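The data blocks that follow each hold one structure.
Each of the two complexes below includes chain A, the first together with chain B, the second together with chain C.
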Partner chain A sequence: MATTRLKTTQRTRGYRAKTHRGSGLINLLYIPALILFAIFMVYPLVSGIGLAFTDWNGYSAARSFVGFDNFSRLFTDPVFGQSLVNTFIYGVGSMILQQIFGLGLALALDRKFRGRTTARAIVYLPVLVSPVIMGTMYYLLLQYNDGAFNEIVVALGGDRVAWFADSGNAVAIIVAINSLQFMGISMIIYLAGLQSIPEMYYEAASLDGASTWHKFRYVTVPLLQPAFATSIVLNLIGGLKLFDIIKILTNGGPGYSTNSVSTLISITYFDNQNAGYASAMGVALFVIILAVTLVMNKMLGRKQLEA
Partner chain B sequence: MKSGKTMRSVKTASVVALVGALALAGCSSDDGDAGSGSGESSGSVDATIEFQTGLAVDDTEAQALKELAAQYEADHEGVTIDLVPAGEDYEANMKVRLAADDAPDIWNTHGWSVLRYGEFLLPLQDQPWADDVIPSLETTMVTADGEIFAMPTNIDISGIIYNADVLKDAGVDPAGIDSWDDFAAAADKVNSDTVSPVYIGGKPLSAAVADRVVSGTFNDNQLTEMTDGTFVSSAYQEMLDIIHSWGEAGYINPDYSSASRDDMAKALAQGQAAFEFGPSLLFDNALSFNPDVNLGFIPMPSNTGGPKYLVGGERTAFGVSKSSENTEVATDFVNFLAENVTDLAAASSSPPGLTTGTMDLGPIQPSFDEWVTEANTPVVPYFDRVYLPNGSWDAMQVTTDSVITEQASTADATEQMKTTFDNLYGQTK
Partner chain C sequence: MTRISKPLVAVGLIVVCFVQLLPFYVAFTTSLKPKTDLSSQLLPPTEFYFGNFASALGDGNILRAIFNSIVVTGVSTLLVCVLGALAAYPLARRKTWVNKVVMVLILSMIMVPPLSILVPLYSMMSDFGAINTYWGIILVMVTTHLSLSVFLYAAFLRTIPTSLEEAARLDGANLFQVLFHVVFPLLKPVTATVIILTGIATWNEYALSSYILTKPDVQTIAPAIASFFSTQSSNLGAAAAAALLALAPVLIAYLFLQKWFMKGMVAGAEK
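So, the complex of A and B:
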């Protein structure tokens, strides 16, 4: 009996030693990725935070320490305030539209019908296109002269429309185009979620006489909570960081009225030559996205547990 | 339990680092020590000179440079001139390279040889062409100590650019426009469903209008105040009021918000625009759309009682990096370009930047002869390059755009400009 226990203990130790050696090798394999992450992510982050305390112009050798001046300016700068509001509109607006259309398309394309795969590919295709190309395509479509939208308006007897002349219109167009481009991601996430729901729940609900709406409300929605969490957080962060489409469609105009914090950082850094202040904006955006992400993760994580 | 906590901490730290890095990735500088040039030390025949031309690959001036570089290479065995064309973000790229101590051997200073690039460039006042720089460029290209950092191949002179055929059809004599009221009367005459009296290529080109009109709303005392760091709001708002009045009267093209520089050139070339404000490059662009178009320019009216004026300054100029490993070869090549300034200026349809060059402005020559040679119209420097701190261009662009698109009153836009001026002026002190 004692011999058997000894052998078992030796086997266990041998297994643990092997596992330990294995995990040591695995840890070594992390190193290249960690080095790249440190060079291209951590170093710029730390360096950017350092710059936020200077008045550097972005290219000159001269720079002075200015303490918290750049940060205090954020609270009184109306342009930053407007860009912050726009950032939330882009983030929340895009996120809501992407959930509605993504879920709707996932439900429609989860059914079996001919051409289903092609339809899914078509909806997903814009995700593969660079936002710069997407923005340029819509810029051409929405041009005042020769733009396809205005040609249709004129053909229907209307007057040409300057689509980007009004800041409200321009913000709405940016949200719509961003949502259109990335709703394919939501669709894929929801499709994966729908396919992981066992069919027996629907069969049980049918036996209990549940209608289609009731099945959706009481079976699909609760079991899609993990998919909701993933899709909402991903889309929200994407919207909060929106840059390329704004740059192409409006370049922040009219005036500063369609800037997000990301585009304002670029303008402040490169055009206004105020790298220190731009870095302070970057730090603020970092804190905001981090806070939103943590809150959303906590809220949606709790929902998942309840589900 | 402990390992779960550790994992969560690692996850949280990773999320913090990732989100932060994404947010700040564009805000950092690289303090690397990369050198420039790839040839041997100065004096060696084996040298590769990186030359950031600041010109588009299909630019006629770039083509002329290419031919001259080939000629220089043929005469100097072992020397390679690597001409690099500019992309849309030339200025931003140059700033990043300077910040990274990775300057090219030669680059186009496009109006900023002293204020922005001076600290990175080799002083060239001892070169054989230095005494031949056109006098009107001296305000912005020569420092108080007599230093000059770039060789100007041409000079940008323009005022109000017009399509002569459009004005003729509407019965407008451009030479008779002496005030902004005259200009408004002319705009009324040409205004129609097919012709925009004033065509502006969207937000990026709005500052080009402001930068030209504003020199006529500041008097000498106000200009001195600006130089001393006091923003004169009343004179700046007067400029914005003029531009705003054009918008209210319906003179500005309805596609303003989506128009581009190409659209400006096309509208001018195709008779859809009567007047435009911009660099003399617009002439080249318009002629490329329609070689037969009749174009000209007139001086800008002054609102301060002063004489009408033209606006001019450095356009294409080439400086040598003082950190280059091939300063002698690079300087020698710039000197070679100076010897061929006539060819380079002709390729850009602009007057040469050196007095040794001769002029061939093509269809614009009559306007130049009338207003520059015969009338001796004063040429004032670009306002932003002399009276606004470095980095003000974007604010000028945004404030003008805000007024044109009715996003801000002229008073609010002026206040916005003042804030930028004060911040940037403090930064440069």
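So, the complex of A and C:
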């Protein structure tokens, strides 16, 4: 009897040692993933930094080292400056609109009523659609001659509007379309947040005579803090990376006035054949996104990506 | 809620739903009217005209694009699940300092914006001869979606006790038997999330696909619609028909799997 028990213990110990401290062979399982990251992410990141120090045109074998020229050009180039400003308008503008709509919709759709599921599904639907297709469909609405928007403008006695001719308008329209398309993500993040607040907190507040506004301000808002953090960071980063919808609706135009840094990279590389300068913009974009992510996570007390 | 605010909220919700459906509705009416029909976009067609769909299927080659998207999305999603689950297992179960560093490295890849590596990635892909190939776009799609998958699997694995794996090992199962017969079957819920997130993202991907896939016979729907749209500025009915055809598979999936889609997106967002 005693010996059997001893044996089992020993065997268990032997097993534990093998899985948790022993052979590192199990680590081989992440090698395929690491190889992919090394080839398709790390190597391009590193070689992109290298290309940023050259005047490569993107196709010929010839390229010469130009030092920090491309990087110093970033600080003086008005076209890049404009794209940087636009990138932040796209990011911050979409982020603000999506929080307002997302939270408003979540509060409205958290209550039980008939049609609630349908309403949620409709608000969320555009999230699943490619921005390329969304852009195509909105283009139909906004076109000059027989778009529904101009039809309404004319019916109200106005003149047709060329919606994308003015860069300020075009940027605002892009922010609006992006926000409408992805506000469903904020909505479900806030809905999940609202559902995690125990009902008894509201009951206790009612017993203390709290008004609807006080309950919202002192129970809902503080307890939604993690949802705010998640939604704000996600929408801001998404907006800063904006590419597809701009490509479809304006391709950066008129002129270069509606470019984000992302679309300007593609235009500088493929249309202007300036791969060296486009690489420098790529490095700048990476640094900006990294910095914004780290600062926002710190500010909002959001947990860093955990190992 | 007070008596006045209730109808206000209801009206607001109806307006929002109307706005969200408007582009779909206008695409629908435009696609079913011939170019000569000058009636308002907001009015339904008086009779159905299918010429636009014929042109989207013919000139636009939309069926081919849908087929390409199914191949690219299917293979990429499968690989993202398998490679992600395999990589997550040692990272969640064996927390040595090396593995912690590897985990941080993999997760930091989430922050790389695709356009920031466009130039070096494109030139490397053309050196490989990977432009306009399925394998080229699939490997890029797998890599750009793999870190989220590793993260989700690792987070889920940490909530599963190790006792089942230990029991299987005691019964003499080797590592692969443990993985395939014990661990992977437990990962079903998180796999649904990974499939939805990767599937939707790959199906809709445009930024990198539009440069890696330039020929119609390999193009997936997003670049195909974009290039068809740019050639059809005079015939928007065809562009609308192409957009609707490309939407159909996603809409059908959403109709049947709505709950999963929303749950999956929340799980993916709360990383």
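What we mean here is this: the second predicted complex is superposed on the first by the 274 of 307 C-alpha atoms of A that agree within 3 Å, B and C clash if a C-alpha of one lies under 4 Å from a C-alpha of the other, contacts with A are read in each partner's own complex, and residues count from 1 in each chain.
To be clear about the criterion, a contact is a pair of C-beta atoms (placed from the backbone, for glycine too) under 8 Å apart; a residue touches a chain by one contact, two chains touch by 3 or more.
Not measured: the values here are computed from a predicted model.
Of the two partner chains, chain C is the only one that A:234 touches; chain B does not reach it.
In the superposition on chain A, A:143 contacts both chain B and chain C.
Within the superposed three-chain model, A:47 lies in touch with chain B and with chain C [touch as defined at top]. In the superposition on chain A, contact of A:289 is made with both chain B and chain C. When the two structures are aligned on the shared chain, A:174 is found in touch with neither chain B nor chain C. Applying the stated contact rule after C-alpha superposition, one finds that A:267 touches chain B and leaves chain C untouched.
In the superposed model, A:119 lies in contact with chain C only, and not with chain B.
Once the two complexes are overlaid on the shared chain, A:254 sits against chain B while remaining clear of chain C. For chain A, the partner that touches more of its residues is C, with chain B and chain C as the two candidates.
Of the two partner chains placed by superposition, chain B and chain C are both touched by A:278. Common to the chain B-facing and chain C-facing surfaces of chain A are residues 37, 40-41, 43-45, 47-48, 51, 58, 139, 143, 147, 241, 265-266, 269-270, 275, 278-279, 282-283, 285-286, 289-290, 293. The part of chain A that touches chain C in the complex is made up of residues 11-12, 15-16, 18-20, 24-27, 29-30, 32-34, 36-37, 39-41, 43-45, 47-48, 51, 58, 101, 104-105, 108-109, 111, 119-134, 136-141, 143, 146-148, 151, 180, 185, 188-189, 192, 212, 230-231, 234, 240-241, 243-244, 247-248, 261-262, 265-266, 269-270, 275, 278-279, 282-283, 285-286, 289-290, 293, 305, 307.
Of all residues in chain A, those touching chain B in their complex are 37, 40-45, 47-49, 51-52, 55-61, 79, 139, 142-145, 147, 160, 162-165, 167, 237, 241, 250-257, 265-267, 269-275, 277-279, 282-283, 285-286, 289-290, 293-294. Of all the residues in chain C, the ones that touch chain A in their complex are 1-2, 9, 12-13, 16-17, 19-24, 26-27, 30, 38, 40-42, 83-84, 86-87, 89-91, 93-94, 96, 98-100, 102-124, 139-140, 142-144, 146-147, 150-151, 162, 165-166, 169-170, 175, 200, 203-204, 206-207, 210-211, 221-223, 225-226, 229, 236, 239-240, 242-243, 246-247, 250, 254, 258, 261-262, 265-266, 269-271.
In the complex of the two chains, the chain B residues touching chain A come out as 15-29, 91-92, 94-96, 98-99, 116, 119, 202-204, 254-259, 263, 390-395, 398-399, 401-402, 404-405, 407-408, 413, 416, 420, 423-424, 427.
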